[in-house]
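By letter and in written order, the chains are A, B, C and D; residue numbering begins at 1 in each of them.
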Amino acid sequence: MTDKPRDYCGIFGIQNHPDAALLTYYGLHSLQHRGQESAGITTSYFDEEEERWIMPTHRDFGLVLNVFDDQNIFKEELKGRAAIGHNRYSTSGASKNPANIQPFRVHYRKGNIAIGHNGNLANAKQLRDRFREEGVLFQSTSDTELILHLISHSQKDTQLEQVLEALEQVEGAYSLVMLTDDKLIAVRDPNGFRPLALGKVDGSYCVASETCAFDIIDAEYIRDVEPGEVLVMDQESDADSEPESYFLEPEHGTDTSQCIFEYVYFSRPDSKIFGENVDKVRRNLGKYLAKEHPIDEMLTKETKHKPIVISVPDSSNTAALGYVHENQKLGRECKFEIGLIRNHYVGRTFISPGQKQREQKVRTKFNTVQGVIEGRSVIIVDDSIVRGTTSRYLVDMIRKSNPAEVHFLVSSPPIISPCYYGMDFPTPEELMANRYDRNIDDMAEEIGVDSLCYLSPDGLVNAVKEANVSPKGYCTACFTEDYPVPVNFGVEKEANEII
Amino acid sequence: MTDKPRDYCGIFGIQNHPDAALLTYYGLHSLQHRGQESAGITTSYFDEEEERWIMPTHRDFGLVLNVFDDQNIFKEELKGRAAIGHNRYSTSGASKNPANIQPFRVHYRKGNIAIGHNGNLANAKQLRDRFREEGVLFQSTSDTELILHLISHSQKDTQLEQVLEALEQVEGAYSLVMLTDDKLIAVRDPNGFRPLALGKVDGSYCVASETCAFDIIDAEYIRDVEPGEVLVMDQESDADSEPESYFLEPEHGTDTSQCIFEYVYFSRPDSKIFGENVDKVRRNLGKYLAKEHPIDEMLTKETKHKPIVISVPDSSNTAALGYVHENQKLGRECKFEIGLIRNHYVGRTFISPGQKQREQKVRTKFNTVQGVIEGRSVIIVDDSIVRGTTSRYLVDMIRKSNPAEVHFLVSSPPIISPCYYGMDFPTPEELMANRYDRNIDDMAEEIGVDSLCYLSPDGLVNAVKEANVSPKGYCTACFTEDYPVPVNFGVEKEANEII
Amino acid sequence: MTDKPRDYCGIFGIQNHPDAALLTYYGLHSLQHRGQESAGITTSYFDEEEERWIMPTHRDFGLVLNVFDDQNIFKEELKGRAAIGHNRYSTSGASKNPANIQPFRVHYRKGNIAIGHNGNLANAKQLRDRFREEGVLFQSTSDTELILHLISHSQKDTQLEQVLEALEQVEGAYSLVMLTDDKLIAVRDPNGFRPLALGKVDGSYCVASETCAFDIIDAEYIRDVEPGEVLVMDQESDADSEPESYFLEPEHGTDTSQCIFEYVYFSRPDSKIFGENVDKVRRNLGKYLAKEHPIDEMLTKETKHKPIVISVPDSSNTAALGYVHENQKLGRECKFEIGLIRNHYVGRTFISPGQKQREQKVRTKFNTVQGVIEGRSVIIVDDSIVRGTTSRYLVDMIRKSNPAEVHFLVSSPPIISPCYYGMDFPTPEELMANRYDRNIDDMAEEIGVDSLCYLSPDGLVNAVKEANVSPKGYCTACFTEDYPVPVNFGVEKEANEII
Amino acid sequence: MTDKPRDYCGIFGIQNHPDAALLTYYGLHSLQHRGQESAGITTSYFDEEEERWIMPTHRDFGLVLNVFDDQNIFKEELKGRAAIGHNRYSTSGASKNPANIQPFRVHYRKGNIAIGHNGNLANAKQLRDRFREEGVLFQSTSDTELILHLISHSQKDTQLEQVLEALEQVEGAYSLVMLTDDKLIAVRDPNGFRPLALGKVDGSYCVASETCAFDIIDAEYIRDVEPGEVLVMDQESDADSEPESYFLEPEHGTDTSQCIFEYVYFSRPDSKIFGENVDKVRRNLGKYLAKEHPIDEMLTKETKHKPIVISVPDSSNTAALGYVHENQKLGRECKFEIGLIRNHYVGRTFISPGQKQREQKVRTKFNTVQGVIEGRSVIIVDDSIVRGTTSRYLVDMIRKSNPAEVHFLVSSPPIISPCYYGMDFPTPEELMANRYDRNIDDMAEEIGVDSLCYLSPDGLVNAVKEANVSPKGYCTACFTEDYPVPVNFGVEKEANEII
């Protein structure tokens, strides 16, 4: 797996609103789970005195709350009726370079352009190599900067034509928000890997990675930006100015392939993505889990202990409830309990000699409720297992409260392969499923449970499609190794960077 | 109500352990919910070269994670086999004075002494007046500093005797951890207002406000420090050195009066305090709520909608579950659902003109899960209502998801009076129950619900006593105005401070 | 020598002026040479709403320019028509304690009091011991805090009486500026060790360590505060309110003993102190140096090289000019030249292995002008030699520019003994004069010059008295070991500190 | 005048030395007067493990002392045997962009390259326009970045050939230090506008803007880098590896035109630049001033007061001494005195309503020595007058000390025109000489002196040439409007910047 930055990100954009920057702030805040490393907002306004467009930008490392810690930023600095914003989480060393914090903004011969990007380009290496040969210098290792160079090098007449020409050349996963001198542009790649929704507030259009960003500003959800759609809105509109749509041709003739992992883990349960409530889909995962692994079958025959179902909070709560309710519906004895308490103040973990870093990390993040667990048959529901080490320590911790049995249910299939479309997993060798040759019994032993069950790949897809009123194709590559768009590797560590 | 600082606090202490500071760090981290404003640790060791005891102290504003952000603090700075730590939250302006960050440490003619305090002295004004007349100068407005001056002015021979003489002079609520030159001392006031538990890890004794601090360091809970007990432990013990106990006489012949609000809201559900698991007690509050307000009676007669019970996460989760399970047990249709999502990234809220600060704050902190709420009869369970404004906006938000009905259940009685023993409430005039003359119907209208029900004061006490295997007396002053220890008011804003 | 802090300091005070804080800022800025470690200003105003006096204080480590880096500090924070300010330099570890930054401010039963102090108390140990026995707690190791405790413990009726009672109990060197609730008080100890001048600007009185602080605010010099004088001014005066004077009795019947080293090195040449211009006195030191060591006698007989006189900039410039002009007046060939350039950007010095810290420090601070020095007989004039190591490296550096000869003239006698009255010198063993048993030839060899000459103690005193229109007694203890006030040593490292 | 950044700068480079970064630090420190806004160092080493060259860079806003405040920077971060460094002062808003802090470093297809630049390109606009048309994006508004793009776009085979091809395309003023993967390259433009000297220390070559940077590291001055010379040195040399020289063709057939203002004001007096000691040249300016304006002619006839000559410290000290010594040599009565004291702690100036910013700034920076000035005929020597406002307030201040007469001598001609080669002056309209139509009497009246005299342009050039053992051509454009290289204006504020 290449070590270039592969970002989780949240993006937001809004046009034609007097509080554009402030609403973007709240949008980013509600998307904080998609990236806690850095945040930024760019606005746009026409300066009457200087007779030109200005795009003020405020960006920094840190949570949205810390990057924008002064009301004056919105009032005095980030002026304008259009804004875009970006949250980012990166796992590579490149994350330390402030030049990698988005939105990126550029002033070139056609005017200003700003961009925020969620996803990963599949042909970044080829594009970068081409520019390198010409002698073009970069200031970051980010895929996103490539899009700006493509736009700037385009010899088309208008900014919009340049953007379209640039997008024809990139492949892979990208949801984008852009500001040109007078437009707000929202883009979703032809496969529709990453989500992007369209909303409306006070008569102004807004776009966001998830609809929870609409709720916080009291905006109404309209529809998703379509896979391959380039949605163009005026920054400052007259009454009836409507967005215009352009469509990108899929490079590889592929179908829609929306990231199914957004439903499994990544998105917030109160969001609607890919056209459906995450809560509803995730609840259905629990239901399918109950079908594939009824609670009675989980328990060892001899047990007389009443089973309880607990979730690993907070991401697995809904799937666990779905599991419980389905079992109850089918007449099986099954009770939802809160057996794990999560400490939401999380930071660096210090260890003393002989201690294990990851063990202490688990203990710092979770604690058990002894009275709930003691003497019971405990069914833990979690959304996924990556390395397995955390699960192991979690089980160890639960065992200390003396349960009768411990079973582990996962509301998705084993993760066996990396994601090249914007989600970050460790190397294949580090994945638990690979370390134990996908042998479930060995994996159960590794994490120390009486039994371990996964939702099947078919179960996953069916559960998602059943819950979704308008299902499309999904990317399940991390569970199936079935990659919808080919990827190029081997990008060098340092590109043509000025630093 | 006087505006002097009244602190929520968490305290921790440990003796005779090679990782004393590190374990104190984890203890404080797990007590973070008791005070997010500042944190500090003091350790103690005998410097062979200087031939005297040294008490290194590291304190600052901020979360435990930020105050101690470098492993070297524990290794190189905070040396010693004994340590005490303190988390603090203060609501007064005095909070900005770094001199108010605990532990306080003093070097005086008998040696070093350090102290961390949870609670509020009831006779602080008299003590302060006495010192002021003498011309003694203070460096903070904290009650805690008074205890140090009492110790330092004592003409007794030993530090322990001085501590005991000082404690005989103070009244009110105080749980204390102290380090003298060779002892760790843990104290609980004769009324036992605030919790303090004794634990053991690797053969070393430790004390903490709540037992969740023991779990994180894998310590075993031994027993509570008794009301009025002064527990004295050697900093560095030989094998069989056991703690010695001294007992303070209650000033006013009062009985034990442990803060019942710790069970209602303040303590973590995974902690054991006052000898019982908070989860168990809180679940019993839900059970009593079900007895006093069965779900059937809540609903309007004509409704055909299936009722769901949702909690205001995370503090009301357990009471809500208790309510659901009791109703189910009694054969009533009742379902626990997750209808509110809490965003744990919380900080400053910015508003645009015309917006309401508190409304935006609620929207920043919570979001509804529309699919869960729409068309249902929703029973919200919350642990308490203070001003009522937050509840109102929360209900507004829920109403936007189109429930059929909205009912509000509170797992404690109406708050009608301030706490003078270490818990912070707004002025009596700001409390919702007082603003509406304790008229429940008016209060229901104010927060916009179809019905509002509180647990009765008797229900509260009975629920707590039933759940607790060894119940003692409780202070319920904030619900009943029945104050176990008289309080003196009118302390001036600025004492004899050197600043 | 005890290692308790012994401070260089600059103090300033002003009453009845609308820009009290801003003028104090400029006063402190011009006194920056007296203390670069920390700075602070306290003002005083009557808050009509709160019906009490408030004394806002702004203090921090750093230069005056950095501590007060925002105009708003003067406008919004430091309100009031009276202000005092303090610059400080301390050599002890205690310097790291922010509690040691002055002015100190206290609120006690009689009101507010603030104090800024230049000097060192001779009986600090006795006073501290007395308080320690009582159990009084300190927050700093500073002598100055003792004065506040003495005032606060006084049972007199008025603040002024309390101040006078407190001052009767302290001995040693102290120039003070104080604010009580409605007075500005300026004090000079009975010996008059440290300077303090009275000025007037826009009808308001001001006091300052040196008159350069008057020039920067366009104030007029009136007279010195007299030794033993307690000058009391209203904070907000009516038209004709004049200062009142009280006088302290000298403890030991001693005469005036003003610090002669202020003239030699410490004060700015453009200041008037002890009633006379420093430039004039320092020029006279050069003249007496010319009398005791005429330039002809300095040079070796065989030399044919034209002699040049260079100073170690900037503190020795005036004495060097005085030396040159007197020699010229007496018909001796003598030329003033600039042979050393000083780099005023000075900070930490880094060294590579094998390098000498102090050597690099000299090279970082000074450079020679080769064209001036090459082939000439160079007479270096410096104001004093302390350890001698710096002089040695300076001479080494000059030698690299190939002078014919190098002679070293010092415009004061050898330093042989510590100062206990507010000036900081290294331990007696480190002083060059002591290391070489006061043997001038050995000292010349040590610093590598062809000859070394000092001004005699008598020459020093006569030069000062001749230049001064109203000469008084001077303290020459560092040159003569003749201490006018006895000093007590042995204060412990840590007093009764709350920290 | 265009408002693009026009930098004062100091540059330094060294090859083949174990303490390359540390020596560069000291070099930059001694060049601090050439730029106080930001500082940076880049080193270069071959990483055996990664098998590639690494160029660590440490840069920030602030003084050299603050940017490099930790010894570890030199030991652990800035590894390598070759280093370049850069100090910068910029007057434009662009100064706030951290991307403008040099050295710039780039990694491109041929390897690493780093660059530090003193000067201004005359054809920056054309170069930038050409790149803009292609769509190349910039990250700064700096001329220096253009050079990097030229190198990166060159299709030559080696880094050295690319550098040479790039330099053939730039015009104007540039002294450069560069690191390629294995070379240290020092360049001076064909006109030789800005200085650059070659030195040697411990067998290693070093280059610096002024030789004071050699003195501080005990390096020996070898010779100047020649106008048009590209001096190439191995980063890590074998014993006898000598620098190789390449020469650039002058674009416009112009002759050498070294900046004469470096001698007048900018360089340090202890430096050798353009082959001669600044002190010697500056002293000759004083001598020519005495020839053109003998002291007798300055004084009004009726005066009986003894004249004194004072300088505006520190930059005019040497010229003032030269003036005095020449007058004395010619038998005229003339005495050098120190009449102005400069406060070297300078920062922001705060004003109260009604005060003049610049007046307070002068008073904050200078004070008079009253005893020196009172009753005397005072001749002030200053190196130059720009706006004249500072001079006016200085004269006002001197007048307050009651001199008999005040005359003003300037050791250079009136400044009448901007510099486009790296020196910063205000707009032509702001220059005093232009505001008064170059009428000397009006200018004298403006600054409030009895007479005002300038050195003539011929006097300036003759004085410089007489003092210089190997004189070359000089640029005197700011005094004469005679520009040796044509300049293109009109660069837009914002180039193709990614920010």
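Quick note on the criterion: a contact is a pair of C-beta atoms (placed from the backbone, for glycine too) under 8 Å apart; a residue touches a chain by one contact, two chains touch by 3 or more.
Small disclaimer: the values here were computed from a predicted structure and weren't measured.
Peer 1: Can you give me the shortest step count from chain A to chain C, moving only between touching chains?
Peer 2: The least step count works out to 2.
Peer 1: Which of the two pairs, B-C or C-D, is linked by more C-beta contacts?
Peer 2: Between the two chain pairs, C-D has more contacting C-beta pairs.
Peer 1: If every chain is reduced to the average of its C-alpha atoms, which one ends up farthest from chain D?
Peer 2: That would be chain B.
Peer 1: Taking each chain's centre as the mean position of its Cα atoms, how many Å separate chain B from chain C?
Peer 2: Going by mean C-alpha positions, chain B sits 52 Å from chain C.
Peer 1: Which whole number of Å gives the spacing of the CA centres of chain C and chain D?
Peer 2: Whole-Å distance between the two chain centres: 36.
Peer 1: In chain C, what residues contact two or more other chains?
Peer 2: none
Peer 1: Could you please write down every pair of chains that are in touch?
Peer 2: Those chain pairs which touch are A-B, A-D, B-C, C-D.
Peer 1: Would you tell me which residues of chain C are touching chain D in their complex?
Peer 2: Residues of chain C touching chain D: 18-19, 22, 25-26, 29-30, 32, 36, 63-66, 68-69, 71, 74, 212, 215-216, 218, 268-270, 277, 279-280, 317-318, 321, 325, 335-338, 341-348, 350, 352, 360, 363-364, 367-372.
Peer 1: So in the complex, the part of chain A that touches chain D is made up of which residues?
Peer 2: 57, 99, 104-109, 132-137, 139, 145, 148-149, 152-155, 494-499
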